[in-house]
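What follows is a group of structures, each given as structure tokens.
Each of the two complexes below includes chain A, the first together with chain B, the second together with chain C.
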Partner chain A sequence: MENIRIERTDRTPEVNFDFTDNRFALRGESYPEDVPAFFGPPFSALEHHLKGLQTGQVTFSFEMIYFNSTSAKVVMKLLGLLEETAGRGVAVTVNWCFKADDDNMRELGEEFGEDMETATFHMCPTDK
Partner chain B sequence: MSFELFEEETRIIEENRGLLQSDMLPESAIVPFAALLGHYERLLKDAKRLMRVSDRNEQTLQKTTQSLDEKNSTLERLSQQLSKYLSPQVYASIFSGKRAMTLTTERKKLTVFFSDIKDFTATTDDLEPEDITFLINDYLTHMSRIALEYGATIDKYIGDAMLIFFGDPETRGVREDALACVRMAIAMQRQMMNLRAKWTEMGYARPFQMRVGINTGFCNVGNFGSEERMDYTIIGGEVNLAARLEGVADPDGITLSHETYALVKEHIDAQQGDSITVKGIHRKITPYKLTGIYKDADEKNRFLRAESEGMRLFLDLDKLDEGSRALAIREMEAALARLRHESRIQDGEPLPVGGHVS
Partner chain C sequence: MSLARNHYRIRELLHDQGVIFCYSGYMTEAILSGLGQAIKQKLAIEETDANTARGVFSVFVEQMQNIIRYSAEREPDMKPEESVLSYGTLTVGRNADNFFVTCGNKVARGDVSRLQEQLALIGSLDRDGLLALYKQILKGETPEGSRGAGVGFVDIARRASRPIEFDFFDLDTQHAFFSLRATI
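This part shows the complex of A and B:
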């Protein structure tokens, strides 16, 4: 599958899906005008790819600064998909990166992490 | 490729609707199952609605924040322009909320600086208005820069005159304020020499000469005027005295009142002038014409000074060569002998036999 690289804008995050190395990342802010239109194609490609995996390692990094409620639903769907993938025996690692002084992102990460039973969930505070 | 945010929830509802319509459920489970499914459908509908409401609220908040940011930067720009009409300290104390915008004043000991240009009208008579504007702005720009550098509060420009003071809204203590004022005045006069050279070079035949008067005393400082239009300024007899001292100052000179002189005398050289009277002030005023300032400790060690009623001592050790030092010693010893002699007479002691006093 062809890798997906979408540059970030004021309203949309950087999307970096490397299907060859199974490394995926979302970075920046997310409050697109049309959430399904923005996330639809990369999400569907990822879903298709992950459903085809039975073994191996997958790493997904969230480096979000801000996202709106609809984008939060996308994040939850992604985490659900990753947890489901881990449930099939794939070694899934989720990195939740946030600025060390961003309490909101820290708390969200802690909540999301609680739902991840099979995938490995890392909280990654950064100074940047 | 379609992307439905609630794809899974929708699928669950559709599957269970099918289940409800089938005959696979036992009779007793149909009613509670239908109720449960109904609640699930309503929850999903509510979740979608809440998400939309939340997104709209966030969008409104973003727009409000953006509009507030724009208003803030407009206000910041305006206040920066407004700040040019105020002394930086006054501006800072207003914008930090420390100073109330009410008609209140305080009585404070301030050092007041008053300056003007000697014979301004006569000097500028032959000049075009554009030239006068250039000269006065050039002059005031340089002087104001020096004033701010020394931490002064610029009260106002009155044509070619400047009223500046030290001690409010910030003070380093009365003595330090007075010294800062004197140092500022000297820096200004030094700058005037540079400006005069520049103006002469530019072709102005009669470049400005500044006169300065400095006084220290209690003034009323604060907001004067009306609730609609007020000025942060100082008033009082001590302000008038600074202006009067400026009037008796030499061109390019700085004249201090005795009050200021007493505060800074360790650091300066000054020549006492004839007493003057000032309207509104009952005491006689002794002006001191500034003749020099000690820059540092070495220079301070160079001079020996003492002053009291009926006595003034001044020694410039650098200027005394071997001969003049011997002469100074003789003079001082003679003075000492005379003083001791006077003391003995006053104490009723007998004079020494053969005693001689020059």
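This part shows the complex of A and C:
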């Protein structure tokens, strides 16, 4: 699968999906005009790739500053997909990175993280 | 009344209510982007608490997108490549202790009871209840009876420091006017 790299804009996050190393990241702000149009293709590629994995390690880093409620549905779907992948025996690590002073992003991490039973969910406050 | 006096009166009316930003007219995604940047900038200049500023911005985005997607007053014959033009009014302001974001738009009278039910349900929930509803909607498991409660409203309620205020009145046989205010 060809790696996916989408540059960040004011309203869409950087998407960095490295299928060779199984390292994936979303960085920045997300309130696209058309959420399905933006996330659809990378999400489908990731879903297809992860469904073919039975072993190995996968790391997904969320480094979000802000996402709107429509993007939150995508975050929830991604976490569901990662948890499902972990359930098949793949070692999945999710890094939830946020500015240390961002109470809302911290809370969202705690709230989403509590549903992750098999995947490892790390809270990563940063000073940046 | 002179042009300047008349316009100043509109400005003072808003100013007296603590309004910092006001937009009334056709809304598009491009206007959301532009206004959003200006709001961020203004809050940064005033050294607004970072969490409050994030909350105001987030509620602003949800309210703008609600108008763009759901206002019953819109230009009907848009070509696919053109932006949707939806009419609505949105204000961001400040009173003694808090910021507020208020919006208003026309809705179909047939949608009023559903909106009322959704907002009343959201208003009846505490933090844990809002979190449970938020997750249910995000996972696509909307509880029976709520008919797809808008995740945007739940998000606004989670960001707000007190329950969302909302109101309707009938404009004519087809339309009602809907207004919502969130305090952050």
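Heads up, the rule we're going with is that the second predicted complex is superposed on the first by the 128 of 128 C-alpha atoms of A that agree within 3 Å, B and C clash if a C-alpha of one lies under 4 Å from a C-alpha of the other, contacts with A are read in each partner's own complex, and residues count from 1 in each chain.
Definition applied: a contact is a pair of C-beta atoms (placed from the backbone, for glycine too) under 8 Å apart; a residue touches a chain by one contact, two chains touch by 3 or more.
Predicted, not measured: the structure shown is a model, and the values here were computed from it.
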Is the arrangement of chain B and chain C around the shared chain A a clash or a fit after superposition? clash
Quick check for you: in the superposed arrangement, does A:Ser69 touch first (chain B), second (chain C), both or neither? both
Between chain B (first) and chain C (second), which does A:Met1 come into contact with in this model arrangement: first, second, both, or neither? neither
For A:Tyr31, is the partner it touches chain B (first), chain C (second), both, or none of the two (neither)? both
Applying the touch criterion given at the start, work out whether A:Asn104 contacts chain B, chain C, both or neither, answering first, second, both or neither. second
Would you sort A:Gly40 into first (chain B), second (chain C), both or neither based on which partner it touches? first
43-51, 61-69 or 97-105: stretch of chain C that collides with chain B: 61-69
Once the two structures are fitted together, what part of chain A is touched by chain B and by chain C alike? 31, 68-70, 73
Using the touch rule from the top, collect the residues of chain B that touch chain A in their complex. 1-6, 50-52, 54-55, 58-59, 62
Give every residue of chain A touching chain C within the complex, in rising order. 10-11, 31, 33, 66, 68-70, 72-73, 75-76, 80, 101-104, 111, 115
Which positions of chain C touch chain A when the two form their complex? 29, 33, 37, 50-51, 54-55, 57-58, 61-62, 65, 131, 134-135, 138-140, 151-152, 154-155, 159
Touching residues (chain side chain A, partner chain B) in the complex: 31, 35-37, 39-41, 43-45, 68-70, 73-74, 77
